[in-house]
Structures are given as C-alpha cells and as structure tokens.
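One structure coming up, written as structure tokens, with questions to follow.
When the chains are written out, they are named A, B, C, D, E, F, G and H in that same order, and each has its own residue count from 1.
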Amino acid sequence: MYNLKTARLMTGNDAAAYAVKQSDVDFISAYPITPQTIIVERLSEYVASGELHAEFVATESEHSALSACVGASLAGARAFTSTSSQGLALMHEILYVASGLRCPIVMAIVNRALSAPLNIHGDHSDVMGSRDAGWIQIFAENPQEVYHYLIQSFRLAEHPDVLLPVGVNLDGFTVSHSSEPVEVLEDSVVKEYLPRNERPRLDYYSPATFGAFALPTHYFEFKVEQDKTLRKAGEVLDEVAAHYPSPEGRLRKIDKFNEDGRIAVIIMGGTTGTLRYAIKSLRFRDFSLISLKLFSPFPSRELVEAVSDADAVVVMDRSMSPGAPLHPLASNVATSLYEAGVSVNLISVVYGLGGREPTIKMVLEMFEKVREIARGGGKRLSRLFLGYQGDGL
Amino acid sequence: MRQQPSMLIPIVFEAGNSAQRSMANWRSNKPIIERNQCTNCLICWIFCPEPAIFMDESGNVQIDYEHCKGCGICAEECPRKAIKMVMESV
Amino acid sequence: MLFELLMLGRGGQGVVTAGRIFAEAALKSGLFSQSFPEFGPERSGAPVRSYVRISDEPVMLRAPIENFDVAVVFERKLLDHRLVEMIRSGGLIVVGSETPVEFARSDIKWFYVDARKIVEELNRPRSINLAMLGALCSVLHLVPLNNVEEIVRRRFGEGNAEVVRRAASRVVEVEAAA
Amino acid sequence: MMQVSKLTDLYGREGLSPGHTACQGCGATIAVRQVLLAAEPPYIVVSPTGCLEVVSSQYPYTSWRVPWVHVAFENAAAVASGVEAALRALEKKGLGKRQKVIVIAGDGGTFDIGFQALSGAFERGHNLLYICYDNEAYMNTGIQRSAATPLGATTTTTPTGKLEMKKDITSILVAHGSPYVATASPHLWKDLANKVRKAQSKEGPTFLHIVAPCPRGWYFDSHLTIKVAKLAVETRIFPIYEVEHGRYRINYPVPRPRPIEEYLKLQNRFAHLLKPENAHILEAFKQWVESRWNHLLKMAEAFPL
Amino acid sequence: MYNLKTARLMTGNDAAAYAVKQSDVDFISAYPITPQTIIVERLSEYVASGELHAEFVATESEHSALSACVGASLAGARAFTSTSSQGLALMHEILYVASGLRCPIVMAIVNRALSAPLNIHGDHSDVMGSRDAGWIQIFAENPQEVYHYLIQSFRLAEHPDVLLPVGVNLDGFTVSHSSEPVEVLEDSVVKEYLPRNERPRLDYYSPATFGAFALPTHYFEFKVEQDKTLRKAGEVLDEVAAHYPSPEGRLRKIDKFNEDGRIAVIIMGGTTGTLRYAIKSLRFRDFSLISLKLFSPFPSRELVEAVSDADAVVVMDRSMSPGAPLHPLASNVATSLYEAGVSVNLISVVYGLGGREPTIKMVLEMFEKVREIARGGGKRLSRLFLGYQGDGL
Amino acid sequence: MMQVSKLTDLYGREGLSPGHTACQGCGATIAVRQVLLAAEPPYIVVSPTGCLEVVSSQYPYTSWRVPWVHVAFENAAAVASGVEAALRALEKKGLGKRQKVIVIAGDGGTFDIGFQALSGAFERGHNLLYICYDNEAYMNTGIQRSAATPLGATTTTTPTGKLEMKKDITSILVAHGSPYVATASPHLWKDLANKVRKAQSKEGPTFLHIVAPCPRGWYFDSHLTIKVAKLAVETRIFPIYEVEHGRYRINYPVPRPRPIEEYLKLQNRFAHLLKPENAHILEAFKQWVESRWNHLLKMAEAFPL
Amino acid sequence: MLFELLMLGRGGQGVVTAGRIFAEAALKSGLFSQSFPEFGPERSGAPVRSYVRISDEPVMLRAPIENFDVAVVFERKLLDHRLVEMIRSGGLIVVGSETPVEFARSDIKWFYVDARKIVEELNRPRSINLAMLGALCSVLHLVPLNNVEEIVRRRFGEGNAEVVRRAASRVVEVEAAA
Amino acid sequence: MRQQPSMLIPIVFEAGNSAQRSMANWRSNKPIIERNQCTNCLICWIFCPEPAIFMDESGNVQIDYEHCKGCGICAEECPRKAIKMVMESV
C-alpha cells in the first residue's frame, strides 16, 4: 500500500490541501470552521508562498464562499472550497444552485455534527442533510484516499459529460487531524491528468445569460436532465479512475474487504479502518466489509450484488434521519434491496454521532451482537446504536 | 472559447433574444410621434424603459410598436410635446 | 506489532508537534505510524493530549486510544491516578519532573527528566516538547534518537537538536519501591 | 475615461433588449438601460433575484446583450467577488482576460439580505462596481418593506406606513472606505452616465445608488416615472452627490427645494401622510429630509472634494 | 364537509394567516418570498389593525427570521414563521438548531421548487431538502386543512412531551393561492384549545444557559433523545387531534379514500384533490388513495398496513433525491415495506416539479399506465415521470 | 442610571463564574466580566459561537450566572431581536416582563458573518445593547483573519500579513443612526462600566466596541493583556470615544501618543512589520492610525457632543 | 356539475379579484367554488388570467384548467385564436369591446360589452373587472347578479355596484354569422 | 415560571456551575499576595480573567487557587507590586 521511503506524514487536511495545490486550482474561497480550517490555512500559505497560483478569497461567510465559487466557476476558473457542519448547512441553498448551474466546483467536506447542541466533532449529519442537492459525494477513509480522491474529483467534475460539483468527505478529526503516511504524485503527473476543458463561461465577447428563470414549462426537464447526468456520472467515474496514474489510488464505488465473510458490513469514512483492523487482526473473519466510497450517485447495483448472499447485512450510519423509517445510508440500502427483490437480514447501526468514535471494545461488542442476530435469522430489520449510553430505543 | 454543451443547462446563449417577443398586447395607449414637431433629440429614447424607441436610417426617431408597452413616459418627457398618447380601440 | 503512546502536556507546550515528530521519525525508520491530537478546542494552559500509533503494518485503526504502552507526561502536575491505570502492563512512563516521581504501579517502568531545567539551560523555553521527545527516544528503543534529532534539526535548528540530545542523556529511571 | 456629454454618445450602445416583462413605465429598467449605455466594455453583470432578474431572464429568453449571471438573492456581491478574482487568476495564467464586474441589484438585495455579502466584498477590496437601483421595497414579491423604504410609506408589510427611517446606505458604504460612492437619478442621465464611468475607472469597490421609481409599488401612473425621480431630487429627498475617498461633492445643489408634499401626493403609498391625523409623521419625514441634507452639507464642508 | 352557509372563501395563505391569528401567537418573524408572502402580509395587517396582539419582526433574511423565532420561543413566546423554497434553504442551519433547542415554533411552508434554475412554482424539494432537521412535518391538501392543521400544530408543538417545531406544508400556488370555502372555529374555541404551557425560558430571575456546547461525551444522547421524542410525537398527535373541536378537521396521519381500490396511490399535498376527483368522478374505482398528512415522524406502520394487500402501490413524489436509489417519499415507503417484509409491486412516480401541476389528462394516462404495470405483476419497482416532456429515463 | 466611580461599586456583581476554559490571560473574558459587573438587571445575554461561547458553556457546565443563549455564529443580533420583541409582546399580554437584551459577540460574529443580522437589528431599531469584544481575528477556530484584523497582522489565513484595513465598525454603526455607539478598553474599567450603563439606558439599538487582547492569537505573554490594551489606546490605535445620536466625544484624548512600535513589538503577529523590508507596511499602518484619529477629531469638531 | 371559467385581462385591471368575487358569489348562492389566478409574477400591463370552478359538490380538483365553459376577456385585444379554441362547445364568451366581435366558432355564444365606456361614464376607471362581472352574471344565469352586486357594494361601495348593474344591462349578444 | 422538562435538553439549569470545576492544573505559575503590601484596592480583581480573586470576610483580597490559571495579570497590574508569581514545582 505505502512505500515508506517516499511517503510523508500528512493529516487528512494536509493531504487535501496538497492535492488541491497540485490540481492547480485557480480560485479558492472558504471560511474557517473546525475541523476543516487547516485546509484553508494551508492553502493560504501555498498561495502566499507562490507555490500555488490562485486567488484566495476569504469571504465573510460560507454562503458567500460557495457563492464566490459559483461566480468563479462560471467565469471559467477551477474552483475549490471546503467546509464542515454549520458551514455546509449555511451553504445549503447555494449547493443546489451550484449543481443546477452545473458548476464543476470541488469541495472538501470535513464531516462534523450539526448543532444544536453545538459539537465540533465528527459525524455525517452535515453532508447527509444536503444529500438531495445534486452533488457527487465521495467518502475517503484516510489521508491517502483524501489525496487521491480529490485529484480525481476535479477530472470527474469537469468532464464534459458531467459538469457537476463534487464533495469529497473526510471524517472530522479522526481523518482530518490524524497524521498518517501519504504517497503523493509528481506535480507534472497531476497536471497532465487534469487537462483544461472548455465550457461555457462569462465573457463579454460571447455574452450569455447564466441563471435564467424557468417557468413550469421548462423546469422539470432541467431537473430530470440534472438527475440523469448525475446517475451517468457513476460510469464516467470509472473511466476517470481508470486513467488515474496511481493504480492503488483509483477511486472505486465500493471497496470490498474479506469478501468471504458471511456477514457484510456497509460503512463509509474513517471508521472503516477500525473495522478492517477488527476483522483482520482480531479475527472476525466471518465479517466482510464493504467500504462505500461513492454515496451519490448511489451504487445500488454494485452494493446489492455484494451483499445479496450474506447471512446478514449491517449498515452503519453516522447520522440520523430523525423521524424517518431508517437513517440515510440504511434507507438507501433497504431501498436498493427492495428494488432488487433481495431480502436479507438487515441490521441498521447508528454510531459515532458527535464524535463518539467507536472504540475497539464497542466494535467487538457490536460484532458479537450482530452474530447473535445473524444466527437468529428471520428478522428483516434490527436497529442498534453503537456507543450510545442512554436507555435503548 | 465557449463550447455549448450537449446537455440541457439553464443558460441562454442567444444574447438579447427577448426582442423576438412581441409586447404589443400589453399596451392600452399608443404613443404617436408627430414628425414635424420632433427634433430627433433622443430624450424620449433615453427615458423609454423597454427601449421601444429607435432612430431609423434617415435619422428620424421612431416607435417600435412590437415592444412599446404604452407607458407614456416619452410623451410626458418630450420637450417638444411631439408625442401624443392615443387610446387603443377595444 | 501495534504500539500505542500518549503524550500529555499543556496548551502551548507543543504536545501535538511532539507526537507528530515522533510518528515521522518512526516512518523514517521504516515503521508505519499514525499520530493524532486529542480532538477539541485548544486553549493556552489547558491540558492537551496527543497520541501515536506505530506498527510494522499499515495502521488502519482509528479508534480512540484508551490504553497505551507508553505515556509521556510533560509535567508531573498533570499526572493522575486514572492515567497511570491506562498504561499497559510492561509499558513505561516518562515524566517531566525535577525529582523522582512516586508511583503506584510496579509493572511498568518509570522515568523522569527535568525538562524544564534543560530548556532553561539552553534558553529554549518553548522546547519542553523536544526535551520530552529526547528522553522518550533514549528509553524506548523503538525509534532511533538520530531520526528525531534529524527532524528537529531540520525544522527547528541545531539549538533545539541539542535540547533533544541533552534530555536523552539526562533521563533517569526510577527504581521500583517494591 | 470618455466623458458623456450628449445622447448620441450613448445611442447604439444598448445592453438591454426590449421584450423584457417589466411593468409599463418601470423606473428600474430605465436606470439599468442608462447604466449599460454608459458602461465601458468589457464587463460582466451580476444580479441578484428581484424584479430586474425576473423580467429580463425568463428562459428561453434573455434581455441581456451582455454577459449576465444570477445566482441567488442574497449573494450578488459574493458572486461578483468570485468572478472578479477568478478573472484575475485566469489572466495571470494566460487562461482569460480581466473584465470589469458590475453588480446591478435592487434595494432589498443591497440594503437587507445581500448587505453582508456587499459589506464583505467592500472590506476585501474587490475591483467591482456595485449599483443599486432603489425602488424602496421588495417589488418582485409584491411590495414589501425593505430597509430602503422611507418612513411613512405603506407597503404590504407596513400597511399603516413604515415606522423606521430609510437606511443610509451611502454613508455606510463611505464608512467602508470605498474609493467612490455616489447617488444618481435617471432623469439626470448625463450625471448618471458619467458616474458609471467614473466609478468603473476606479480600482477597488465602488457604489452607485440610483433612485428608481416604481409605478406599481409606489402607486403612480406609469407616465410619471421620470417626473417622480426628478421630484425626489428637487425636494432634497434624494440628494445627488458623490464621495471620493471620503471627500464629498454635492452634484446637484437644490438651493430652493420644492415642497415635499409635491412628491408625496403623486404617490398613493404616501396618501395617508397628507391626512391631518398624520401630520406628525409628515413632520418627522420632513425633519429627516432636512437633517440628512444638513448633514451632507456639513460633511461636504468638513471633507470637501 | 363544508357548511356553505358559514364557509368563507379563503386561499391557503388566507387560511394560514387566519389560523395563526386565532392561535394568538405572540411573535411572528418572516421574510417575503413567493408564494408564501401573502401569509406575512395578512399577518402584518392583523397586527397593524390590532386584531392580533403580537410583535411582527420583518427581518432582513429568512436566516434571521427563524433565528428571531428561536430567540422569541426561548423567551417564552408562541412564535410563528413561514417561508418557501430558497427561504427554507437559507434557514437550513437554524432548522436543526430550532429542533435541537426544542423550540415549539410553528412554520407554514408554502412548498416551492428550489433554484437553479429559479422557479417560483410548487414542488416539495424545499421541505424534502431539510427532512433530517428533526421537525414534525405535516402536509395539507387544501385551505381548509391548512387552517385546521395549523391550529393543531401549536398544541402539538407545545405539548410538554414534544417541544419540537412543526412545519405545515401547503403546495405553492395550487393551495396557497386557490380560494376555496373554509369553515373556521370561533376565536374563543381556538383559544381554549390552545392553553399556555410552562416551559423553560430565558429569564433573569431564574437564569439558565441555553444552547450549551456538547462534547462527544454528551452529544449522542441528546440526539437520540430528540429522535425518540419525534417518534413519540406521532402518538401525541393522535391525542391532540382527538381534542380538536372540529371532528372533521382532526389531523390523522393518513387519510384513506376509496379503500377498496386494488391499486393504492400514496401522495401528499394539493394534487391529492385531483386524484380524488379522478377516482370518484372519472370512475377509476380500482384505485385507492392514501393521502399522507404526516410525513415526519413517518407513519410506517399505518402505511404498510394500508397497502400490504394492494395489487400495486404507486408512490408520488413531488421532489427528487438526485442520485439516490429512490426519491424521498418512495424511499421511505420502500424502506417501510422492506422492514415489514411486505413485498408489493411498487411504482415510483415523480410529478409536478417546478409547478407542472398534473392535468386531468396526465392523471388519466398515468392511471392507465399504472394499471398496465399492475396487471403485469411481478416487477418490484418501476419508475415513471408524470408530465415530464423530455425523453424518458 | 447609577454612575460607577469605584471598584466597590462593582464588586459582588459577578455575572461570570470561574471554571471557564478560556486561555490564561484572556482579554475577552476580562472585558465580559467587566460588562456583566456593570450591567443593570434584569437582562438577558445572547452570544454567537466563538471563544466566549465555547469556553463558558461546555455542557453540563456553564459559567453564566445570568440567563444566556447561544444559537449559532451568524445570528446573535437576530436572536436578540426575537428575544427583545417577544418579551415586549409577552409583557403586553401579562405573560412576562421586559428585560434588557445584551449581545456579547466576537469580532468575527460582528464584523463579518453576523454583520447583516446586526445591521438589520439596528435598522429595525430593537431595544438592545450589542457589545463586540474585539480580539481582531477568529480565535476560536485558531486565529484566522476577520474584517477586524488590522493591516499587516499575521493570522493563519494571512500568513504574510493582512492586506486590507480594519473595517471601521463604529463609523458604520453611527451611519446606521444608532443613539449610542462607543468604544472602550478593559484597562479603563470605569469608562467601560459607565458606557455599558449609558448604552443600556438608551432606547433603541446601541453598540459598544471593546478591545480584547488575546495572548494566544496576538502572541504575547499572558500577563501583558492589560498592558497591551492600554498601549492600543495610548498609541491612538484604538481611540476611546462615544457618539450619541451622531455627536462625538473623545473620552480619552491621548495628546502625546506613544510610538506605535511599542504596541507592535509586544505582539508576535506584528513581528515582521518591524523588519526593514516591511517599512512600507508599517508606514501604511501608521498612516491609517493617523488618518482615523484626524477624522475622529474632525467629526468631533463638526458634530460635537 | 362542474363548471369552469376563465377571466383574462391585464395586470392592474383586477382580474384576480373578479374571479374571486365570482367564486364568493357562487358560494353565497349555495354552490361550491374555487378560484385561482394564473400563477406567476404579476406586472402592470401584462396579460393576466384567473380561473373559477363552480360545482354542486366540493371542488377537490386542483388541475390546471385547460378548457372552460366560459371565457371573460376584458379587452378584445387579448382575444386570440388559441384561447377561443379552448372554450367547450356550448359555452360562452364575453368580451370587453366597443363593437361586436368577429369570431370563428358558432358552437359557443358570443357577447360583448363596452366596459371601458361604462367605467368612464361612472368615473370608475379601475373597475373594468366589475363591469365584466356584471356582464357575465347577466348572460350566464349561474350565479345571481344580486349576489355579485351585494359583495361589490359591501366591499367597494354603491358606485361600483352601479358599474356591475349597468354592465349587466348593456351586454349584447352577437348574432351568429353562420 | 420555569418547569424543568423531563427530557434531556441541552440547557444548563444550574447557573454558574463551572465554579465546581478545578482549573488548578492549568497553572505553571502561582500568584502570591504579600499581605502587608496589599491595600485591598481590588485592581487585581477587576483585571483577573477568571475571576480567581475575591475578598474574604475580613476584607482581604485573596487568590482562589482552584480557579487561578496563573496568567500573571494580577501581578503585572497591582499598583503596589504586592503580587509575586512563583513557579510551581514540576
């Protein structure tokens, strides 16, 4: 996986900033928020030191940061932003506009819980709360993936058949602040991988109107077209990844681990590593792991294929959809299974809210519990909390 | 520089194409320029909201009735009172 | 092999940097490593933790570190019973202190180093963290002192490399009372 | 910068096409036309949501003959910041050319919901010209109060008349340290056109505040738009002045102001102010006009241009 | 249904404003946006005329409007706001805070499509885009329901076992601007129905700290508690409705129509009326209709019960979740069916985006098409668009 | 309003408890303590996200002995508007009592992301006192630039020093027509305390801008906090004045200012300014101080209190 | 029975109000009704539509009205071919006009009324909509003229009620050419 | 007026309870008042950020070592130089 000779120790945030620098972005606009801030700080340093030729606009809010990116993107620039939690929530309105105007903006989303109560730690509520905004959403497990996925995101976003914004998610603190070995590509290799494509832009000499107003006579078609394009982006992703110069770094929709395990666990983000460790080193060989790298467009087919034979399927959500039948990821999985006519013993687990990162002990207990449920068979859906200390639900 | 994408995107590439639209049925009152009083000073033009006033090839100021909405500003502001507003028949 | 380490100091003392340098030095010596701070708002003066994992295979684990093989405590004042309990049997602890530290567990090794004195001697008041690193390397034998010294020299200059070395030479093992 | 001195200097430079769907006699449209006639290419226009946007960009039509972008209601200045900085970056890399960015926004998008983005852009010092066409209410949504609505005016959310004063946006932007802040009226088209050019020629963020009477929302007959603008100026309600780096010049002195009632009585939104029981509001209105004018005189005296 | 003698002609917006007036709110803060604006205008008139004793704060944005409501609610006031589309999106961040701080705010959401492209007409994208925010979400079909549901919402929100904000949704224009007969209660009856309950509030004489900061040690429990409360609110709703003085106006979670129909159609909001008409007057007696009044907490059990015997189940979404396996309502239904182990022929229909209100003709065509699919049997999931004019998906 | 004249007038009125988690020597905390010691009950405090909020309200603890609410980062003034208006409504209905609403916010929450809410609340004329403790950057997230960061200061987002001037928030709020706008420093505790009371006693929205040195973010030793505040005032960098209804009074004249370098050299954020190659920035900094001071003198002359 | 009606005028002429008054009058006469405007931004001068449904059972239908039983067109200028096509056979149309209106369909009844003249006579320039309402009631016989008059009187005063009455008496049927 | 809800809500009802928390281990330097030099003027108190200075029953100004973080402001600002900062032993 790593070549220790060439690897550097980088946090997820470091890796993000480095990837963005190498991607030769033209424009960055962002607003500080924990735990994302370091990305922005590093990028300001790169710009100040001349290592990165870009304009860095420190707006007065995240709403403005994304708005500025939309403006920059429509002006033809390669634009980047990053945020977390309240910042993403404040951008909410503009997230839809960015995708609707087909701006290939790339954003690092350093996932963090949403207020109230205020909490600065990791969970996926922020990005899940905007999951209808029409962005491509990618989840990285560790700083190395953050690096690779960000670079591929620019190519994906700017692909003429896509022109959609991409979010690259990394868990707040546990990935963003964890220093780990990261191998990077040569600047020139990245540059070559990211050619500049033409696309419509604001220009006095060929004036066009961006952001027109659409009556009921036109709106529906725009939106369906956008959805179609997003779904197709899954295929483009495969192509974009296939060209990525680092074969191990190629972005796949799902990544399977210990495929022979009879109990499949579906999860996204940093905690995957802990499960890998538990399965491999603590000998939970009856568990297979499905690390979902692409949340949107949701790879239903691949997922169903991967789990249809399992004795039980555990879906781990790091957010809740309060009042809904199930939480975002589990609901997507259940729906996919329903559509495929596959019926498995499904176990929905909510974990890690507000930064309660699962300990080894918690994971082991969960695995035991899941085994029990799997042995029990029959039941179509169970709900568990991992690490929750109140009285059960 | 620009490459028009094959996808349906809410961009209008044909600048100023609203001129293709007729606004004539917005109008209840119709401005009529009395040629002999008009000095072609363009005052009416600078104040027309549409604009529905133009100078023809011979330098005469004219009304574009496809776009005039009949607001009456031109008539009000013409320093020569060269424009009359006439009610359209109903 | 999976080795876990805690550093405990106070906001402003460079606890996080120390963890990171140690992880980097480990990487340079051919080991996989991971380092992460205690997550949360940082305030000057507040107790701050930093963690390091070192392994001979890639570190995938991202769980909080609840028990550790080694603890490095920058000031004796920050030591408490609960923390000592969390050290694995056979582990060791290095404490910044003028005097030998009393302790309750004999299944771990105890060391102390007068880091404050060293940084005063060398007029590097902000380098307590580097002194603790030096002491750590000299007693742990996992990551060569050289590697740490090298990184410190490159990043903070020779004066600070001297802090590392001097601390390495001054760290003292406490004889078990039992 | 080429001075505009006659109408033929402007004729043929139309940036807005007819066929837009503004109301008959819309003052905002007149103001915007004049701005575009004056502006020197190359430039890019950014607008927030509002009457102007809705009447000019109904897909698949556009009235814009110049590049134009609308993103949302509250962020025109932020979008403009992005466009401006991006073009700067692209130019440095040889991937594009700088073009002046001009925001054209309503009072709601300027005084209220877009005010923070505006303030931020000015603080950061972007090279852009921000123009507010002020029709003194949210017209697009059907005439609701804005911070620009004057004391006493009725709107659908101030059915008995607004209780607060109009926000003094120009002074606020002067306090932001802008190199050029000015007011204008479409009836003084030459002054307006030259201010657009002057503002455009400065480096840094400049601001132009244009009175834009709205027949629908102010309740007057559509042929009176220019008259109403003129009265706003000649009653001293809307002073015409400019401020360069904190130094003031009154461009249209109004030594003998017309009675304020002349202005009010044309507009139904003020009808109740002329009733005897509301004399105190009328009085407050007059005092407001007077005190602002006096303040302006004093500033022009203390900090002359 | 109506007593024509006493009914008045009211639009959905009129009915909303009237209900809010009778509910004796103390505080209103809102921002104009089409098609919601009229509610705010009417309320300003009621306040100006002294018919309603409340403070009306016309903030400078929706973000501030909801923030002001949070402040007012924590100060002990009965607070109301209303918005649409971009306004709701701009409130996004504060929606979560309002529920997290347990503010019993009531909001009328006049549903409208989200930009880009800008469109001012009806669809449910706005509310669906905030469906994780932890609010109770109710959908009204017509002005009469808007009236009844709003009044019941105040009692539900302020119930000591709930203390959560409630959104009452009405379709933009087709309900908000349609004038229809509405019967109203006496002022005194409403007043009696809405007693003032004590709850913690900001007060110098018993100082408390609201909006504290929660570390990972506490956050998870807060969030689970909030979700639990939201789920329980379904039961409280039954109780609150049972006490409502107008028996026909009582809010039920789901409302069934022509129950014997073999093909069940699940839908929310104004278009329900058109389907009722089609089934009743145009003799599509093989269709039964399930009008969902409560979207959150989602009444999975009741819904599954209602459809488990159907030959086919049509789920009509007036929004999309781009890139997701299914759209919000259909996904909730599929998940509920999966959980219940019920397997039916499911047909997901997306309709009405950006105000493309289904015409009779469209509905008839859809019914025919659905019949065909139902006859076909077997298939677990089909996807249709209603009224979309591009090439199919 | 009771004038504060000695420390025993304040002793025993503590509104903030110890056990908060602010850094050693935090200037913001000193300022806030002084505000609460002075404020006259009954009142309610609203704070946005920021250092103050995070250090004082970590569940299940609170350092607030007075009612306090935090909702988000950008909306303190809007929340305060809601509290204020709600209490007014409840009082009218006999369901509660009016209490003064005091916002205490950082510079980021005031100058930048919370500026629109602030401007809106002032425009609407709510009866509230808005206090900004100004530590000249986003400290809670680790020292990033804000509009309050002075020219030349390094932050983590301006690694080579900020290029723009500090936003002149007081002038901007004066331009909003506020009845009372003032500045204060914790080293002048009596002036500060009396300004809190004066501001509180006015009807309408008032503003108090307090310099709050931050040892962590300005890079100075924690025992110097009060010294640094004093130097800010005595170098004329942070003038102490008040503006009542547009009329100015300089409360602390500083006839012989201390050299600006004395202030700068204490703080590592300015270290580079003292290097010869940055003389031009230092010069610009000095000019900014001088021109603001002169402007203030002129205003005090033209519009004396 | 389900009866659908279109009103077409221009922004500022009170088209929406007219629809609503008609629906109210229907309600008062014991019929169920629904009235809704053409949805969209309103601008002075722009053509504006308003719709009314009347039925003897509650109107649940919320579909756009694509065909109607009656069209009321405030100004002849706004009449176009497409609109005339949308009137159901057997329906009727009332047009505001000085002169009889030419037409292409003989399966509907044509009426005209010089509404402008009436409002000028009565010095109610803004009451074109009320004139059209009066004309409509007098030829449609679905909602009693009285009810409309009553609502108008209550809301806009006797002068406007006179507009309604006068228009009712002045509306003229156009004889079919065929 | 207040009714404490049975639910878990992020409200802290116990005002000022952070005083229950000891901050002593934040401190490297300890302020010591020299009683005989102190005039009990309270200057140190008004500038203490915590506050960790109080007046005891006999009117003497004292340090609250559970909450003092050792910033040294009191020592710096005491007009009588009555406070010394002493390094805590490590």
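Quick notes on this one:
As a working rule, a residue touches a chain if its C-beta (ideal position, glycine included) is under 8 Å from a C-beta of that chain, and two chains touch if they have at least 3 such contacts.
Computed from a predicted structure; not experimentally measured.
Both chain D and chain G are touched by B, E.
The most distant chain from chain G is C, comparing centres defined as mean Cα coordinates. The interface holding more C-beta pairs in contact, when A-F is weighed against A-D, is A-D. Rounded to whole angstrom units, the spacing between the C-alpha centres of chain E and chain F is 43.
Mean C-alpha positions place chain B and chain H at a centre distance of 76 Å. One inter-chain figure worth recording: chain E and chain G are separated by 35 Å, centre to centre, where each centre is the mean of the chain's CA atoms. Measuring from the averaged C-alpha position of chain C to that of chain D gives a distance of 63 Å.
Each of residues 40-41, 45-46 in chain G touches at least two other chains. Multi-chain contact residues of chain F (touching two or more other chains): 21-22, 24-25, 53-54, 57-60, 62, 64-66, 70-72, 74, 111-113, 115-116, 119-120, 123-124, 140, 142, 147, 215, 222. Under the contact definition stated at the top, the residues of chain B that touch 2 or more other chains are 8, 10, 12, 15, 26-27, 69-71. Within the complex formed with chain E, the chain G residues making contact are 2, 19-20, 23-24, 27, 30-37, 39-41, 58-64, 66.
For chain B in complex with chain G, the residues that touch the partner chain are 25-28, 69-71, 88-90. Residue ranges on chain F touching chain E, taken from their complex, read 41-44, 46, 53-54, 57-60, 62, 64-72, 74-75, 77-90, 92-93, 95-96, 99, 116-117, 119-120, 123-124. Considering their complex, residues 63, 86, 89-90, 92-93, 96-97, 99-101, 113-119, 121, 125, 128-134, 136-137, 211-216, 218-228, 230-231, 296-298, 300, 319-326, 328, 330-332, 334-341, 343, 346, 350, 353-357, 380-381, 385, 387-390, 393 of chain A touch chain E. Against chain F, in their complex, chain E makes its touches with residues 26-27, 29, 53-55, 57-61, 63-65, 67-77, 79, 93-94, 97, 101, 196, 201-215, 218.
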